[in-house]
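Paired with chain B in one complex and with chain C in the other, chain A is shared by the two complexes that follow.
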Partner chain A sequence: MTAPILDVRAISIAFGGLKAVTDFSLSLPAGALQGLIGPNGAGKTTVFNLLTGVYRPQTGEIHLDGRRVDGLKPNRIAAAGLARTFQNIRLFGDLTVLDNVRVACHVRAETGLAAAIFRTRAHYGEEAAIRERALSLLEIFGLSHRAGEYARNLPYGDQRRLEIARALATGPKVLLLDEPAAGMNPQEKRALADLIALVRRQFGLTVLLIEHDMGLVMNICEAITVIDHGVTIARGTPAEVQADPAVIEAYLGAPDEPPPASAPAPAPDSAKADP
Partner chain B sequence: MTKLLQTLFDGLAVGSLYALIALGYTMVYGILQFINFAHSDVFMTGAWVAYVVAATAGWAALGGDAPPLYAGLFTLFASMLFCAILGFGIERLAYRPLRKAPRLNVLITAIGISLFLENIGQRPELFGTQPQKMPQLLPDTTLFTIADVNFRVVDLTVIAVALVLMAVLQWLVFHTRLGRAMRAVSHNFSVASLMGINVDAVISFTFVVGSAMAAAAGFLYVMKYPGALKQPADSTWILLGLKCFVAAVIGGIGNVRGAMLGGVLIGLMEMFGAAYLSPHMRDIYVFSLLIIVLLVRPAGLLGRATVEKV
Partner chain C sequence: MLGARAAALRPGYGFVLSRAVGPFGAFLALAFVMQLVVVPWAGPFYEKLLMDIGINCLLAVSLNLVNGFTGQFSIGHAGFMAVGGYVAGAVTYYGSFVLWGSPAVHGGFLGGGDLLFLAGCLVGGLFSAGAGYLVGLPSLRLRGDYLAIVTLGFGEILRVLLQQTNDVIFVPAQIEAATPWQMATALGGALGFSGIPFYTTVFWVFVMLGLLLIVAFRLKESSEGRAFLSIRENEIAAEAMGIDTTRYKVRAFVLAAFFAGIAGALFAHETGTTLNPRELGFQKSFDIVIMVVLGGMGSISGALVAAVLLTVLPEFLREFADWRLVIYALSLIIMMRFRPQGLFGIREIWELWRKPPGASPAGRGAS
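Up next, the complex of A and B:
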């Protein structure tokens, strides 16, 4: 077995007395598509914030493609190849769709400020390449016709896709998707699942997905980690996790009741404030 | 008619000066959401450095002859360079350590920096406590006269330099990679950081540019009013800074084009009020305009009113 591309070793963080995430470990082989699920407030988004450098883990280590990245600033981690989307859409609303993607391309740019000011040939060549790359990403996500619009004016579904396009523009090895299907209807969710599969193949990505829609998670993820109150309570294939009594208890809080026929019920409120 | 045109011209000259300073306020506010109270002191420092450079170079001692053309340019660049470094230092040493602190702490720090600059500027080895007269670097002549309106070289220079700098800034913010990053950072700097943008570098750069603009304004100010180089802690500087802050608010704080518009409006308002109503109440016109604009458009003329989604 090859070395994992993302290796998370027992990271923890506490906010005051609240242990938000405790000893979270995860090993993502290159090319994997895994899910991270858990009830509301379980600490899923906190895990993403720890991985991307928004929070600094108080214990543990994070290795990305063999390089230790915990404690680095978010932009350095992004440069190392970790990109994310947000549960609540956080596009640059005052920038155009194209600029949202282009600005994320900068991290892979070679020429610096001096080149920009003195307008060197290399700078212009690179600007053209960035534009090209941004446009082709928009093409994949079916957003080309909206390139010149302000991101804030896009319909909801387009904004969700633009977030993924923007994350891909940073040229990641690992992509973290935080509830990409939130607020989508069943058709849009299917289209999204296809899109995730497509970009994963095309860009050779490893994907970690937080999602409340159990149907989506169970369908596309190869392995699932379940956390509750910041603690990992189960890990395995979708079928294993579904049958796990601890998972059912975490979701339904009723140890004596019979497990649901197909899947644990998704938590109803998707617009909650997960720290 | 002549009076009208002359006032219009004077208003534009003063207004473009205000616009240059207002840009610094608005850029910092746009990115960090705090009011950099030390900005008016960077402007003051720019004016004084221009004086020190010109006086040290001895261009004033040339007598009645006009100093060489490069004298003005050299002084302008020296002053801009000095203040760019100063702005970088202020952000790096005073504001960056407080990046995650509550906004009020940063605000108080800014006031502290402002007092610090004013008082250290009075040191005898720096600018001293006496007002000075700026050596004349530009010929004090009227370039041409149209319909009895005098277009003085100084005023034309002020407008031209301000226009060039604003054009450069406009290009920088809206047509370069760095400007794109600045706009992204100003929209949301934590997300920008997650998208791989070096937020610290962008913020430093913003301070460098804003301070250089303020220095240019300081230089132009002492060119236009050579006798008005008041001592560093004089309230003139604070009042000028305040007016430019008002200009930024009127245009819509955080909006680069708004600051330019606001500056020019304030300049026109002040000059027209002084010419047609009473020259003793210039400041009243400026602040009345602020009140009216805030009543009609609370987000400023070019500001976008945001409605919180619930």
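Up next, the complex of A and C:
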């Protein structure tokens, strides 16, 4: 049994009086594909923001491949090998598709400002290598024919895939996908599941996935962590999680009897279940 | 992984040499042609106009590195120009006294005086870059309007400080007796720093502009430069992709300040200008911002075109000088209404006439 590649130990963050995430722990073995699910507002994206350094955890530790990364700035964490996509797409809209991916290659670049200005031999070599790497990623994601288009002009599904391609260009060990299938139709979702499986094999990646589409999560994830109100309420294989009464309660509300005093939550939840 | 492939893909030395050095040669040749062919043919009025155009191009293109490339909003560019101008002016004025006993132009092309002037430009640029670093480091944590206010404040503080300096020393005996600190604080105050020798020529202006254009275009087409652009596009995503946004913002600021300092040095040594704190106040800063906005944030060629337009037009509309600000304001309002992204948006002029770079024939517009 090897050490986990991503080891999260009891991280918490509170915004004022709101405990957004409490004692979240997770241990991802190398090569795993796991899911993180929970009702709206459960704190899933906050967990991602904690892992990638957007927020600094108030307690706990995060270890990436044996190195402690909590408290580092997001760019340092990306350099350490943790890449992500965003739930609300954050592409570089006025850059071309190719440039979006090339920007992400920059974190692995070794030549600096002087080489770029004086155009050294190393600069040309590196630019060629970056271009080659970016084009091969676009090829995998079926975006080669759009390389020269501005990212903002891409159809929605292509934008989602470009986000993943861009994240991969940073050369990550662990990839965090924040609702990669949001807004996709069933065919696109199936294609995306295949794509995730493919890149995971090809790049030897470890993947953690936030997703609302239960079909997708249950199909491709080996293990699932469920959180609600920032607290981990269940963990296990898809089948185990589906059968867990706490999970059913979090998603559908408690059965008719009054909720236990320790968990006053379900009432507002069921109220907003059908907007 | 990138490293090994990058080493394998290095081109031959001949290719690198021609590409790396070629543009310098081209701009040098252009500067010579301007000075030796265009200037004698056009006469002194156009010589002065050419220098003004070149200096404004330097200012607009350098500010574009901050406002256009990294999307920060700086409106204190004239302050950096003032730093460079005053430092370079002090170097040549007092340097000439120390070396040759008078502030007159000394030696011909690339003679002693020219070398002193070049040293002054460099030192002025470096001081200005240092000021850019000092202003940039704390204030680049601010965003949008707040950064704009800090840069505006920097320019105004500098203007007030310069107005408090002592009168220029012009008696050789007093200069001999003066300490370096006394010289450095005798910059003319509110009256302006007069007596700086007129070393600026069309040649030097275009040499410096050539340098800046090479730097700007090479940045835009390199991995480093794409890091600048990504900050403008989406700072959070840029950070998540491993870009050290603070570092690149400071770099943009320092580079821009360096070239603004050189522009200031050229301005200080130009025939018929007096280096005056009032001239380099926020109004000048706004003129430069207007050039960048008019040309299109991020477009180098746009900044050039706008700088040329906004330098030439007032010259030929001298009768309407009182209306200058009205015309500026109106043209900006009209532009905001009909073309809010500026004349060329973030693209270069030549990109307007073709499909987006590298687009294949299959790339049909899907918007």
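Rule of thumb we're sticking to: the second predicted complex is superposed on the first by the 254 of 275 C-alpha atoms of A that agree within 3 Å, B and C clash if a C-alpha of one lies under 4 Å from a C-alpha of the other, contacts with A are read in each partner's own complex, and residues count from 1 in each chain.
As a working rule, a contact is a pair of C-beta atoms (placed from the backbone, for glycine too) under 8 Å apart; a residue touches a chain by one contact, two chains touch by 3 or more.
None of the values given here were measured: they were computed from a predicted structure.
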- Query: On chain A, do chain B and chain C fit together or clash when superposed?
  - Reply: clash
- Task: Examine A:D99 and indicate which partner it touches, taking first as chain B and second as chain C; both and neither are also allowed.
- Result: both
- Who does A:G148 touch here: chain B (first), chain C (second), both, or neither? second
- Task: Return first, second, both or neither, reflecting whether A:R84 touches chain B, chain C, both chains, or no partner chain.
- Result: both
- Task: Name the contact category of A:R235: first (chain B only), second (chain C only), both, or neither.
- Result: neither
- Message: A:R133 in the overlay: touching chain B, chain C, both, or neither? Say first, second, both or neither.
- Response: second
- First (chain B), second (chain C), both or neither touched by A:T52: both
- Query: Which partner, once the models are overlaid, touches more of chain A's residues, chain C or chain B?
  - Reply: C
- Task: Going by the overlay, flag which of 9-17, 27-35 or 135-143 in chain C ends up clashing with chain B.
- Result: 135-143
- Item | Interface residues of chain A shared between complexes with chain B and chain C | 52, 54, 73-75, 78-79, 83-84, 86, 90, 92-95, 99, 102-104, 106-109, 113, 116, 127, 130, 166-167, 169-170
- Message: Taking the touch rule as given, give the residues of chain C at its contact with chain A in the complex, in rising order.
- Response: 1-3, 5-11, 13, 15-16, 19-20, 214-215, 218-219, 222-227, 229-230, 233-234, 236-245, 251, 346, 355-360, 362-363, 365-367
- For chain B, which residues are in contact with chain A within the complex? 176-178, 180-181, 183-184, 186-188, 190-199, 205
- Task: Would you pull the chain A residues touching chain C in the complex into a rising list?
- Result: 52, 54, 73-75, 78-79, 83-84, 86, 90-96, 98-99, 102-113, 116-130, 132-133, 145-150, 152-155, 166-167, 169-171
- Query: Can you list the residues on chain A that touch chain B in the complex?
  - Reply: 52-54, 73-75, 78-79, 83-84, 86, 90, 92-95, 99-100, 102-104, 106-109, 113, 116, 127, 130, 166-167, 169-170
